[in-house]
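Have a look at these structures, which come just after this line.
Two complexes, one shared chain (subunit A), two partners (subunit B, subunit C).
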Partner chain A sequence: MGFELDYIFNPKSVAVAGASESPDKTGHTYFKNLLDEFPGKVYPINIRAPEILGVPTFQSIRDLPEDVDYVISAIPNRDVLDLVDACISKNVKTLHLFTARFSETGYEKETKLEQDMLDMAAKGGIRIIGPNCMGLYNPRLGISWGKGFPREVGNIGVISQSGSNGGDIVSEGAIRGLRFTKVISYGNALDLNEADFIEYLADDPETEVIGAYIEGVRDGARFAKALRYASAKKPVCLLKGGRTDAGTSMVSSHTASLAGAREVWEAMCRQTGAINTYSMDELLDMLVAFSRMSKATGNRVLVGGGAGGKSVTSADECEEEGLALQPIPDDIRNELTEQDPFFGPWVTNPVDSSIMGGSNLKPHEVIEFIAKSPKYDVVINTVSAGGPWGGHDPARQQRASRILEHTIGISQNLGKPVALVLSESIPESREQYEVNLELRHKCIEQGFAIFPSMGRASRAISRLVRYYIWRTAELEELKARNSK
Partner chain B sequence: MGFELDYIFNPKSVAVAGASESPDKTGHTYFKNLLDEFPGKVYPINIRAPEILGVPTFQSIRDLPEDVDYVISAIPNRDVLDLVDACISKNVKTLHLFTARFSETGYEKETKLEQDMLDMAAKGGIRIIGPNCMGLYNPRLGISWGKGFPREVGNIGVISQSGSNGGDIVSEGAIRGLRFTKVISYGNALDLNEADFIEYLADDPETEVIGAYIEGVRDGARFAKALRYASAKKPVCLLKGGRTDAGTSMVSSHTASLAGAREVWEAMCRQTGAINTYSMDELLDMLVAFSRMSKATGNRVLVGGGAGGKSVTSADECEEEGLALQPIPDDIRNELTEQDPFFGPWVTNPVDSSIMGGSNLKPHEVIEFIAKSPKYDVVINTVSAGGPWGGHDPARQQRASRILEHTIGISQNLGKPVALVLSESIPESREQYEVNLELRHKCIEQGFAIFPSMGRASRAISRLVRYYIWRTAELEELKARNSK
Partner chain C sequence: MASADLISKARSEGRLLLTEVESKELLEEAGIPVVETKLATSKEEAINIAESIGFPVVLKIISPEVIHKSDMGGVKIGIADTSSVGEAYDSIMSSIENAMPSASIHGISVQKMADPGTEVIIGASTDPQFGHVVMFGMGGVLVEVLKDVAIKLVPLTPRDAHSIVREIKSFPILEGYRGAPASDLGKIEEAILNLSNFLENHKEIKELDLNPVFCYPNGIVAVDARVVLGEN
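Presenting the complex of A and B:
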């Protein structure tokens, strides 16, 4: 459906118009990233500097010795018509415009310039990403707009109408173990738009999960169709910018998009199976859940709550988010009571680790032991090597290691979907920072989905379960329809 | 009303029954903290060790050379009746029991032991904190259960039925600049209970804001009366553990409390003016807002959104939480347009700093300039020295410093309540960790309330405004009633 656009995301040669010598300029970052990482031909275009980072420049695209697939524009808006003309002369397939100040200014002159540019490009057979956007991050190919985005390729494809939100998804996601196939910041969506990109990512075999930050939709019916097509193949997690009057007004000056009513958007998500979110944190949580947890098709949860108070608040938050805290099943209860007649009958779900001091039961072992029951579909465990304030406590670090070890057991030996709650708070002491970072790395290396709080974990898991239930029904309906 | 209990929180001498030589034991931490910080007499009680941390022990409270005000019990539950008897012989006023395994076990024998202990203490004139709790953190006096809780005294009083949640409030709050007057972990609330503590903190002149984590209420009518009394004097922020079936069941095995229906609790909060929250994060956010922001009595907000996408999501989140994003007033707009005819008309609220590159307007100055308008009651600004992934970027660090400098201007020169959004994410690089920690310290030193996201900031501020509006009306009603 959308995979014909694959050439857009996999150019063989790239030129940067407005490549800059100054490290503070985005025109420098684009070129430097390509020079460091992109295996194909890379050309810097600059009318003044004779060379950039040791590479001789060209004054214009017209001066290039051969055709070029992809051009990144970081030049002022007044020069874009000439640029498009030059691009046509070199058979450029895709023009990405970091260049901004078009229709989003709200001014007539700039809006007309944008339209003229589109008309000229369309006649010349050039597709446009943007304008007013950061463009493409394709780690497999070594194209990136960020300073230090991860080099590794992942399983998440993202489209973002905002460059800063797209960058935040990469950066905030990276520390939670997220890696990406392609991230596309597409700004004003003048030519290629959200529906094109969603269709493409739906068909992209590398992409297993899709995330999107969208401010406005060009063609509602086509977009809904693309969403339905994509959602039946893989989870699509959306964040809509411009849900309110204030947001809608802001959208118009940001990407000149027409934001629609919140109710219409929510109805479209329900009908297409797309997962709608209301903040960047929630969008990231859903990407973490879908890209790092195995399929969960039931909501019966076993929780390791840490201490007593946390176990209480965990129980509330899980139930309020729609998860079912199954009591300890009788057979498991009997075995626990055999192991310890005083503590066995007292063990609860969430498992309160603070009650077991001096007993025959070890909290980290108990949760793995209970998890083997088929009554539990999914497990959330809590791991902490110490609070963000106060000295480092080696005993807590050891406890965290033991809990992690047994949680790996649940995930590997029982094959159940598992999430970990791991604090995100920035510690006051350097020593605790190092300890927390090491623990975080271990959790990520073991493949766990990590969440900063029980509330956010339970909300994400509840929505993950609902999506898989929806998709199973959707596929069965499709099968039934096809067999008629 | 409750200030007669002041002696409970300000003992002149303390004995630790079950003071331990082993640094991993809580009986050690209590004693070590007292030894290091408490100015009065401190006695370690231990039946085996002749001395602890160089201090000669006593075998029993009975052997002490003089009376003692306050006893901390870290001995096994089977020995508590003898301990109470010994305490009576030394005119002990308060007994705090870290000792657990009473009614919370659900067992008959342990429940009876708890009741016998209460009866004996009551006859002997001893008040009980607990059992099954961490007890008192009074930084002014140097009593603490934590390893490394802040020494500084603050303006927040906290009661927590859970020791771990109480500790988390201190630790997670400390890195956001929160400091405390007294924090009381009170577990099973056998004698002194939530109403006693709320009344006390209401009358405590040092305490300006009250926070509470409560699992069950002993006497609903008395508690509601205490809440109303306290709320009219200072903000009371509550987190209820045991709102759901699962939570209620967990509460019973944690502190043997009877959790009530969520609807009853919510109605009580509405009627008494108490601020009800649904997670530890939200409780902390309200303590940050009330203890670190000046009084805001209107919801018209000016927002510094950072870049474009963030400005859009910020607008949505503020409006969804009930804040009013006032457009830029005409007089301010005219002045901005005089400064820059192209960019002036384009400036929005939230202020999108990414559009102003190369203009006569500087984003950090623009927000201070707009804030002077009386159309804005409160300001939320965004500050970031770089994302959590990727290399450190000195240019972003400089921008953060400039933004902070001008936000200080808004707070100091205009006297408006200001909140800052500052990411909490743990950075991947040590260099960025140091930079972020330094920025965080600066924000805290300047007295700002900091929030990890715009959504959480706007929610907290919206509730802060509603509380002050409620209290103003409440006080006027009271005045009108008294003048009749």
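Presenting the complex of A and C:
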């Protein structure tokens, strides 16, 4: 469906129009990133500087010694028509415009310029990304707009109408272990739009999870269709920015007054299987859950960690998000009772580690032992190397390592989806901060999905489970329809 | 009259709002069960229609300007015999002439009074971004006060029709709560799918309400209907 666009993401050569000598200019960053990482030919275009970072420049795309696949434009908007003309002469396939000040200004002249540019490019067979956007981050190929985006390739594809939110998804996501296949900041969506990119990522074999930040949609019906097509293959997590009141005035039916922009967006997500989120935190939580947890087929959860009141509030949070706190099954309870006749009958879900002091049961082992029951679909465990206040405690550190070890057991030996709750609060002492950071890195290296709170973990898991249930039903319906 | 003719007739008269009789005709053609409704332009005609469809009947004013028919005395229900039809006809005419002397009156609709059932609303509107959407909810005051409705984009698949009915909070009422009769869920889903198909072929329809639709253990029927056309 969308994979014919693959050439756009895999150019053999790139030119940067408006490559700059000045390190704080974006035209410099694009070129430097390519020079450092991109294996193909890279050409800087600059009318004044004779060379940039030691590479001789060209005055125009027209002067290049050979055809070029992909051009990044960081030149002023007044020069874009000439640039498009030059691109046509060199058989350019894709033009990405960082260049801005087109229709987004709302001015007639700039809007017309944008349209003229599109018409010219379309005639010349050039596809446009943008304008008014950061363009591509493709770590496999070494194309990037950011400074210091991860080089490793991951399993998440992202589209973002906004460059800053797209950049936040990459960098905020990276510190939670997220890695990406392709990230596309697409701005005004003049030519290639959100539906094109969603279709492409749906068909892209290395992309397993899709994330999107979207403000407006160019063609709603096509977008909804693309989402449903993609959701049948892989999860699509959306963050919608801005709301429109268009169409809510001047209605004369019940239906129209009840089906406002927000309600329709939410309904559209439910219908297409897309996961609708309401904040950047929630979007990242969903990307963490989908890209770092195995498939959960049911909502019966086993919760570990926390003592006393914390296990009570954990239970509340899980149940409020629609997870089922399955009681300890009889066969497991019998085995625990054999191990310790006093504590065995007392253990509950959530597993309260504070009651087991002095017993034959060890909290970090008990959770793995209980998790083996087929009555549990998913596990949330808590790990901590010490609280935020006060000096650090080596005993807590050791306990954290043991908990981690057994949690690894749950995901590796039992093959169950696991989420880890790991506090993000910043400790008062530098020493404790370093201990916490080390634990965090270890959790990420082990491939865990980490969440800063039980509430966020349980919400993400609940939505993950709902997606897989939706997908099973969707695939059944598609199969039934195709067999007719 | 075929749907295209009904729509072009309304347009030629400069109307975007179809009358109840027109709306029902259109929706019946779309495969949605509606109460048999006929337009009478005289008292004698109203009586003849009532006698042919059988008592009890309901009479309603048909005028593009009269939106809230019952508020203006434009509706008479439970009319049990021939003489009452005549009285109701005169009463509606004089109420409307008093309340809205300038209203252009197409006539009075005569319809069989439907047996009471569980009331639901089925509707459609046009979202500026996503186009036609279908809405389903409990009827009567519940739809207005609780906004207990579900929405799907057109086109709906059979699974979407199955879900839209079950997404509303009041769904247990449709299943027959505490011994009350259950509603014919299959027929509701079928009507919603037919509506979706119809809307796919009628982009010119901007909004529509089937409100209320009476649901029975076997079958459903739309008692009132309103269709609004787009500007062009």
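Here is the rule we use: the second predicted complex is superposed on the first by the 465 of 484 C-alpha atoms of A that agree within 3 Å, B and C clash if a C-alpha of one lies under 4 Å from a C-alpha of the other, contacts with A are read in each partner's own complex, and residues count from 1 in each chain.
Everything that follows uses one rule, which is that a residue touches a chain if its C-beta (ideal position, glycine included) is under 8 Å from a C-beta of that chain, and two chains touch if they have at least 3 such contacts.
Owing to the predicted nature of the structure, the values given are computational and were not obtained by experimental measurement.
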Next item on the list: Could you let me know whether more residues of subunit A are touched by subunit B or by subunit C?
Entry: B
Check: In the superposed arrangement, which partner chain does A:Asn165 touch: subunit B (first), subunit C (second), both, or neither?
Finding: first
Next item on the list: For A:Gly220, decide between first (touching subunit B), second (touching subunit C), both and neither.
Entry: second
Next item on the list: Quick one: classify A:Val264 as touching subunit B (first), subunit C (second), both or neither.
Entry: second
Next item on the list: Could you tell me if A:Gly322 is touching subunit B, subunit C, both of them or neither one (first, second, both, neither)?
Entry: neither
Check: In the superposed arrangement, does A:Pro150 touch subunit B (first), subunit C (second), both or neither?
Finding: first
Next item on the list: Return first, second, both or neither, reflecting whether A:Asp393 touches subunit B, subunit C, both chains, or no partner chain.
Entry: first
Check: So which positions on subunit A get touched by both subunit B and subunit C?
Finding: 244, 246-247, 251, 253-255
Notebook entry, point to check: Can you list the subunit B residues touching subunit A in their complex?
Noted result: 24, 100, 105-106, 146-150, 160-168, 170-172, 174-175, 213, 215, 239, 241-247, 249-251, 253-255, 278-281, 305-313, 315-320, 325, 327, 342, 345-346, 348, 350, 352, 354-355, 387-391, 393, 395, 424-428, 430, 433, 436-437, 440, 453, 455
Checklist line | subunit C - residues contacting subunit A, complex | finding: 17, 67, 121, 123-131, 133, 135, 137, 143-144, 147, 149-153, 157-160, 163, 167, 207-209, 211, 226, 228
Notebook entry, point to check: subunit C touches which residues of subunit A in the complex?
Noted result: 216-217, 220-221, 224, 244, 246-247, 251-256, 258-259, 261, 263-264, 267-268, 270-271, 473-474, 477, 481
